[in-house]
(Lines give C-alpha, C1' and ligand atoms only; values in the text may rest on other atoms or scores of the structure.)
Protein backbone atom coordinates (compact mmCIF):
# COMPACT_ATOMS: atom_id res chain seq x y z
CA UNK A 1 0.00 0.00 0.00
CA UNK A 2 1.30 3.44 -0.79
CA UNK A 3 0.73 6.43 1.36
CA UNK A 4 -1.27 8.97 -0.60
CA UNK A 5 -0.82 11.99 1.60
CA UNK A 6 2.87 12.44 0.60
CA UNK A 7 3.89 13.37 4.14
CA UNK A 8 7.65 12.87 4.35
CA UNK A 9 8.35 9.74 6.41
CA UNK A 10 11.26 9.25 8.78
CA UNK A 11 12.79 6.52 10.88
CA UNK A 12 14.18 7.46 14.30
CA UNK A 13 17.35 5.54 15.18
CA UNK A 14 19.52 6.51 18.16
CA UNK A 15 18.40 10.12 17.88
CA UNK A 16 19.11 10.19 14.14
CA UNK A 17 16.32 11.07 11.72
CA UNK A 18 16.54 8.90 8.61
CA UNK A 19 14.30 9.57 5.60
CA UNK A 20 12.31 6.64 4.18
CA UNK A 21 9.82 6.45 1.34
CA UNK A 22 6.07 5.98 1.96
CA UNK A 23 6.55 2.20 1.94
CA UNK A 24 9.34 2.36 4.50
CA UNK A 25 12.35 1.80 2.21
CA UNK A 26 15.43 3.93 2.94
CA UNK A 27 15.74 6.93 0.66
CA UNK A 28 19.55 6.90 0.86
CA UNK A 29 21.54 3.66 0.69
CA UNK A 30 24.38 5.17 2.71
CA UNK A 31 22.10 5.72 5.75
CA UNK A 32 22.15 1.97 6.43
CA UNK A 33 23.98 0.44 9.37
CA UNK A 34 23.34 -2.36 11.90
CA UNK A 35 21.18 -0.20 14.15
CA UNK A 36 19.11 1.00 11.19
CA UNK A 37 18.65 -2.60 10.03
CA UNK A 38 17.44 -3.61 13.49
CA UNK A 39 14.99 -0.73 13.56
CA UNK A 40 13.70 -1.52 10.05
CA UNK A 41 13.28 -5.17 11.08
CA UNK A 42 11.48 -4.21 14.27
CA UNK A 43 8.97 -2.16 12.26
CA UNK A 44 8.19 -5.42 10.44
CA UNK A 45 7.95 -7.42 13.67
CA UNK A 46 11.23 -9.25 13.05
CA UNK A 47 14.12 -9.68 15.49
CA UNK A 48 17.32 -10.16 13.53
CA UNK A 49 19.25 -13.39 14.16
CA UNK A 50 22.51 -14.62 12.63
CA UNK A 51 20.42 -16.36 9.96
CA UNK A 52 18.85 -13.03 8.99
CA UNK A 53 22.14 -11.16 8.94
CA UNK A 54 23.83 -13.55 6.52
CA UNK A 55 20.91 -13.16 4.08
CA UNK A 56 21.11 -9.37 4.41
CA UNK A 57 24.83 -9.59 3.67
CA UNK A 58 24.20 -11.56 0.46
CA UNK A 59 21.59 -8.99 -0.58
CA UNK A 60 23.96 -6.08 0.03
CA UNK A 61 26.62 -7.85 -2.07
CA UNK A 62 24.10 -8.53 -4.84
CA UNK A 63 23.21 -4.86 -4.94
CA UNK A 64 26.84 -3.80 -4.93
CA UNK A 65 27.60 -6.03 -7.92
CA UNK A 66 24.47 -5.53 -10.03
CA UNK A 67 23.06 -2.21 -8.73
CA UNK A 68 19.54 -3.64 -8.46
CA UNK A 69 17.61 -5.47 -5.75
CA UNK A 70 16.88 -9.07 -6.74
CA UNK A 71 13.45 -10.57 -7.28
CA UNK A 72 12.80 -13.93 -5.61
CA UNK A 73 14.45 -16.23 -8.15
CA UNK A 74 17.81 -14.45 -8.40
CA UNK A 75 17.78 -13.99 -4.61
CA UNK A 76 17.44 -17.76 -4.15
CA UNK A 77 20.21 -18.29 -6.68
CA UNK A 78 22.54 -15.88 -4.88
CA UNK A 79 21.76 -17.42 -1.46
CA UNK A 80 22.42 -20.92 -2.83
CA UNK A 81 25.75 -19.83 -4.26
CA UNK A 82 26.92 -18.09 -1.10
CA UNK A 83 25.25 -19.88 1.82
CA UNK A 84 24.60 -23.34 0.39
CA UNK A 85 21.67 -24.96 -1.38
CA UNK A 86 19.91 -25.93 1.87
CA UNK A 87 19.39 -22.19 2.50
CA UNK A 88 18.71 -21.31 -1.12
CA UNK A 89 15.05 -22.31 -0.86
CA UNK A 90 11.99 -20.10 -0.79
CA UNK A 91 10.58 -21.96 2.24
CA UNK A 92 13.71 -21.12 4.23
CA UNK A 93 13.58 -17.45 3.21
CA UNK A 94 9.84 -17.36 3.97
CA UNK A 95 10.59 -18.56 7.52
CA UNK A 96 13.02 -15.67 8.03
CA UNK A 97 11.19 -12.96 6.12
CA UNK A 98 7.53 -13.99 6.03
CA UNK A 99 5.19 -12.97 3.24
CA UNK A 100 7.36 -11.59 0.47
CA UNK A 101 11.01 -12.37 1.33
CA UNK A 102 12.60 -10.45 -1.58
CA UNK A 103 10.72 -7.24 -0.74
CA UNK A 104 11.05 -7.55 3.02
CA UNK A 105 14.72 -8.53 3.08
CA UNK A 106 15.59 -5.71 0.60
CA UNK A 107 13.82 -3.23 2.86
CA UNK A 108 15.73 -4.37 5.96
CA UNK A 109 18.99 -4.44 3.98
CA UNK A 110 18.41 -0.76 3.19
CA UNK A 111 18.03 -1.38 -0.56
CA UNK A 112 15.37 -0.12 -2.96
CA UNK A 113 12.23 -2.18 -3.46
CA UNK A 114 12.84 -4.89 -6.06
CA UNK A 115 11.00 -4.17 -9.29
CA UNK A 116 9.33 -6.92 -11.31
CA UNK A 117 8.61 -8.79 -8.10
CA UNK A 118 5.26 -10.53 -7.85
CA UNK B 1 32.64 35.07 -35.57
CA UNK B 2 33.28 31.49 -34.64
CA UNK B 3 30.83 28.82 -33.53
CA UNK B 4 30.91 25.93 -31.08
CA UNK B 5 28.98 22.98 -32.51
CA UNK B 6 27.47 20.58 -29.98
CA UNK B 7 26.51 17.06 -31.02
CA UNK B 8 24.56 14.80 -28.68
CA UNK B 9 23.50 11.88 -30.92
CA UNK B 10 25.39 8.78 -32.06
CA UNK B 11 26.46 8.68 -35.71
CA UNK B 12 23.58 6.30 -36.48
CA UNK B 13 20.70 7.64 -34.42
CA UNK B 14 20.36 10.90 -36.35
CA UNK B 15 21.97 12.90 -39.14
CA UNK B 16 23.31 15.40 -36.59
CA UNK B 17 26.96 14.47 -37.03
CA UNK B 18 26.94 14.55 -40.85
CA UNK B 19 24.87 17.73 -40.98
CA UNK B 20 27.13 19.59 -38.57
CA UNK B 21 30.36 18.45 -40.27
CA UNK B 22 29.03 19.73 -43.57
CA UNK B 23 28.40 23.20 -42.17
CA UNK B 24 31.55 23.88 -40.13
CA UNK B 25 33.56 27.03 -40.88
CA UNK B 26 37.27 27.64 -40.37
CA UNK B 27 38.04 28.34 -36.71
CA UNK B 28 34.89 26.64 -35.40
CA UNK B 29 34.97 23.93 -32.76
CA UNK B 30 33.14 20.65 -32.34
CA UNK B 31 32.15 19.27 -28.95
CA UNK B 32 30.71 15.77 -28.54
CA UNK B 33 28.42 15.38 -25.52
CA UNK B 34 26.00 12.67 -24.24
CA UNK B 35 25.51 9.99 -26.95
CA UNK B 36 27.57 12.18 -29.29
CA UNK B 37 30.77 10.91 -27.63
CA UNK B 38 30.42 7.58 -29.47
CA UNK B 39 31.51 9.40 -32.65
CA UNK B 40 35.01 9.52 -31.12
CA UNK B 41 35.29 5.71 -31.24
CA UNK B 42 38.18 4.81 -33.57
CA UNK B 43 35.74 3.11 -35.96
CA UNK B 44 34.21 6.48 -36.82
CA UNK B 45 37.55 8.31 -37.32
CA UNK B 46 36.97 8.50 -41.07
CA UNK B 47 34.21 11.10 -40.55
CA UNK B 48 36.77 13.60 -39.28
CA UNK B 49 39.76 13.09 -41.58
CA UNK B 50 38.78 15.83 -44.02
CA UNK B 51 38.10 18.52 -41.41
CA UNK B 52 40.17 21.71 -41.82
CA UNK B 53 43.02 21.82 -39.33
CA UNK B 54 41.68 25.02 -37.76
CA UNK B 55 38.71 23.06 -36.35
CA UNK B 56 39.26 22.02 -32.73
CA UNK B 57 37.58 18.79 -31.62
CA UNK B 58 36.53 18.12 -28.02
CA UNK B 59 34.51 15.58 -26.09
CA UNK B 60 32.97 15.67 -22.63
CA UNK B 61 35.00 13.21 -20.59
CA UNK B 62 32.26 12.31 -18.07
CA UNK B 63 29.97 11.23 -20.90
CA UNK B 64 32.71 9.03 -22.39
CA UNK B 65 33.65 7.38 -19.07
CA UNK B 66 30.00 6.83 -18.16
CA UNK B 67 29.64 4.78 -21.35
CA UNK B 68 32.77 2.69 -20.78
CA UNK B 69 34.69 4.40 -23.61
CA UNK B 70 38.44 4.41 -23.03
CA UNK B 71 40.18 3.95 -26.36
CA UNK B 72 39.15 7.08 -28.27
CA UNK B 73 40.18 9.04 -31.36
CA UNK B 74 43.29 11.02 -30.26
CA UNK B 75 42.18 14.03 -32.32
CA UNK B 76 39.58 14.75 -29.63
CA UNK B 77 40.61 16.56 -26.46
CA UNK B 78 38.72 15.36 -23.38
CA UNK B 79 37.27 18.19 -21.30
CA UNK B 80 35.33 18.43 -18.03
CA UNK B 81 32.21 20.49 -17.21
CA UNK B 82 34.28 23.58 -16.44
CA UNK B 83 35.92 23.22 -19.84
CA UNK B 84 32.45 23.01 -21.40
CA UNK B 85 31.51 26.34 -19.79
CA UNK B 86 34.81 27.87 -20.85
CA UNK B 87 34.31 26.79 -24.49
CA UNK B 88 30.73 28.09 -24.52
CA UNK B 89 32.08 31.51 -23.54
CA UNK B 90 35.07 31.46 -25.92
CA UNK B 91 33.01 31.05 -29.11
CA UNK B 92 30.57 33.72 -30.17
CA UNK B 93 27.70 31.27 -30.51
CA UNK B 94 26.71 27.72 -29.77
CA UNK B 95 24.76 25.54 -32.19
CA UNK B 96 23.21 22.31 -30.94
CA UNK B 97 22.80 19.43 -33.38
CA UNK B 98 20.48 16.59 -32.31
CA UNK C 1 1.13 -25.24 -17.90
CA UNK C 2 3.61 -25.89 -20.69
CA UNK C 3 1.05 -25.30 -23.43
CA UNK C 4 0.43 -21.77 -22.09
CA UNK C 5 4.07 -20.78 -22.66
CA UNK C 6 4.84 -18.24 -25.36
CA UNK C 7 8.29 -17.38 -26.60
CA UNK C 8 9.39 -13.75 -26.48
CA UNK C 9 12.15 -11.86 -28.24
CA UNK C 10 13.19 -8.39 -27.10
CA UNK C 11 15.00 -6.40 -29.79
CA UNK C 12 17.28 -3.68 -28.41
CA UNK C 13 18.31 -0.98 -30.87
CA UNK C 14 19.27 2.04 -28.75
CA UNK C 15 22.41 3.19 -26.92
CA UNK C 16 22.49 2.59 -23.13
CA UNK C 17 21.96 6.21 -22.03
CA UNK C 18 20.42 9.28 -23.64
CA UNK C 19 16.95 7.74 -23.71
CA UNK C 20 14.99 5.33 -21.53
CA UNK C 21 14.83 2.63 -24.24
CA UNK C 22 17.58 0.38 -22.85
CA UNK C 23 16.21 0.53 -19.31
CA UNK C 24 12.65 -0.08 -20.51
CA UNK C 25 13.80 -3.17 -22.42
CA UNK C 26 15.57 -4.48 -19.30
CA UNK C 27 12.48 -3.91 -17.14
CA UNK C 28 10.30 -5.80 -19.60
CA UNK C 29 12.87 -8.63 -19.83
CA UNK C 30 12.94 -9.05 -16.04
CA UNK C 31 9.15 -9.02 -15.89
CA UNK C 32 8.81 -11.66 -18.62
CA UNK C 33 11.33 -13.83 -16.78
CA UNK C 34 9.26 -13.67 -13.59
CA UNK C 35 6.41 -15.27 -15.57
CA UNK C 36 8.89 -17.97 -16.65
CA UNK C 37 8.31 -17.55 -20.36
CA UNK C 38 11.07 -18.46 -22.84
CA UNK C 39 12.92 -15.23 -23.53
CA UNK C 40 15.66 -14.12 -25.92
CA UNK C 41 17.38 -10.75 -26.10
CA UNK C 42 18.85 -9.38 -29.31
CA UNK C 43 21.21 -6.39 -29.43
CA UNK C 44 21.53 -4.63 -32.78
CA UNK C 45 22.30 -1.16 -34.16
CA UNK C 46 23.37 1.27 -31.37
CA UNK C 47 22.26 -1.20 -28.68
CA UNK C 48 25.55 -3.09 -29.12
CA UNK C 49 27.02 -0.09 -27.25
CA UNK C 50 25.15 -1.34 -24.18
CA UNK C 51 27.50 -4.33 -24.18
CA UNK C 52 30.71 -2.32 -23.65
CA UNK C 53 31.94 -3.12 -20.11
CA UNK C 54 32.87 -0.85 -17.20
CA UNK C 55 30.37 1.97 -17.46
CA UNK C 56 30.87 4.69 -14.84
CA UNK C 57 27.31 5.89 -15.07
CA UNK C 58 27.29 7.71 -11.72
CA UNK C 59 29.37 10.39 -13.50
CA UNK C 60 26.20 11.33 -15.40
CA UNK C 61 23.79 10.57 -12.56
CA UNK C 62 22.52 7.30 -14.05
CA UNK C 63 22.35 3.70 -12.90
CA UNK C 64 25.03 1.45 -14.35
CA UNK C 65 23.39 -0.46 -17.18
CA UNK C 66 26.38 -2.75 -17.74
CA UNK C 67 26.11 -3.91 -14.09
CA UNK C 68 22.39 -4.51 -14.60
CA UNK C 69 22.97 -6.53 -17.78
CA UNK C 70 25.47 -8.78 -16.01
CA UNK C 71 22.59 -9.65 -13.66
CA UNK C 72 20.49 -11.23 -16.46
CA UNK C 73 22.18 -14.56 -15.79
CA UNK C 74 20.83 -14.54 -12.22
CA UNK C 75 17.32 -14.32 -13.73
CA UNK C 76 18.14 -17.31 -15.98
CA UNK C 77 18.01 -15.01 -19.02
CA UNK C 78 20.81 -16.59 -21.04
CA UNK C 79 19.57 -16.49 -24.65
CA UNK C 80 21.54 -13.39 -25.65
CA UNK C 81 22.28 -12.51 -29.28
CA UNK C 82 24.18 -9.70 -30.95
CA UNK C 83 24.24 -8.47 -34.53
CA UNK C 84 27.70 -9.11 -35.96
CA UNK C 85 27.58 -6.23 -38.47
CA UNK C 86 26.56 -3.73 -35.77
CA UNK C 87 29.62 -4.75 -33.75
CA UNK C 88 32.11 -4.52 -36.59
CA UNK C 89 30.70 -1.18 -37.81
CA UNK C 90 31.60 0.23 -34.38
CA UNK C 91 34.95 -1.54 -34.14
CA UNK C 92 33.83 -3.64 -31.15
CA UNK C 93 35.47 -7.06 -30.96
CA UNK C 94 33.46 -9.97 -29.54
CA UNK C 95 36.24 -10.34 -26.95
CA UNK C 96 35.42 -6.85 -25.65
CA UNK C 97 32.05 -8.15 -24.45
CA UNK C 98 32.04 -9.80 -21.04
CA UNK C 99 28.53 -11.28 -21.36
CA UNK C 100 28.11 -14.75 -22.79
CA UNK C 101 26.48 -13.86 -26.11
CA UNK C 102 25.93 -15.43 -29.53
CA UNK C 103 26.91 -13.58 -32.73
CA UNK C 104 24.32 -13.53 -35.52
CA UNK C 105 24.35 -12.28 -39.12
CA UNK C 106 21.18 -10.92 -40.81
CA UNK C 107 20.18 -14.41 -41.85
CA UNK C 108 20.50 -15.62 -38.25
CA UNK C 109 18.48 -12.65 -36.99
CA UNK C 110 15.75 -13.39 -39.53
CA UNK C 111 15.40 -16.96 -38.34
CA UNK C 112 15.52 -15.90 -34.66
CA UNK C 113 12.58 -13.55 -35.28
CA UNK C 114 10.73 -16.24 -37.22
CA UNK C 115 10.88 -18.66 -34.26
CA UNK C 116 9.15 -16.32 -31.78
CA UNK C 117 5.53 -16.01 -30.68
CA UNK C 118 6.04 -12.36 -29.69
CA UNK C 119 8.66 -9.76 -30.59
CA UNK C 120 9.02 -6.51 -28.64
CA UNK C 121 11.15 -3.70 -30.00
CA UNK C 122 12.99 -0.99 -28.04
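Order of writing sets the labels: A, B and C. Residues in every chain begin at 1.
By our rule, a contact is a pair of C-beta atoms (placed from the backbone, for glycine too) under 8 Å apart; a residue touches a chain by one contact, two chains touch by 3 or more.
The chain lineup, named per UniProt: A = Sulfurtransferase; B = Sulfurtransferase complex subunit TusB; C = Sulfurtransferase complex subunit TusC.
A quick note: this is a predicted structure, and the numbers were derived from the prediction, not measured.
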{"item": "Chain-level touch network, classified as line, ring, star, complete or other", "value": "line"}
{"item": "Contact-richer chain pair (by C-beta pairs counted) among A-C and B-C", "value": "B-C"}
{"item": "Geometric centre: closest chain by C-alpha means", "value": "C"}
{"item": "Distance between chain centroids, defined by C-alpha means - chain A (Sulfurtransferase), chain B (Å)", "value": "44"}
{"item": "CA centroid of chain B to CA centroid of chain C, Å", "value": "28"}
{"item": "Residues of chain B engaged with two or more neighbouring chains", "value": "none"}
{"item": "For the chain B and chain C complex, residues of the former touching the latter", "value": "8-10, 12-13, 34-35, 38, 41-44, 62-63, 65-70"}
{"item": "Chain C-facing residues of chain A (Sulfurtransferase), complex", "value": "62, 65-68, 70-71, 73-74, 77-78, 115-118"}
{"item": "Sites on chain C touched by chain A (Sulfurtransferase) in the complex", "value": "27, 30-31, 33-34, 63-64, 67-68, 70-71, 74-76"}
{"item": "Of all residues in chain C, those that touch chain B in their complex", "value": "14-18, 45-46, 49, 52-60, 62, 66, 89-92"}
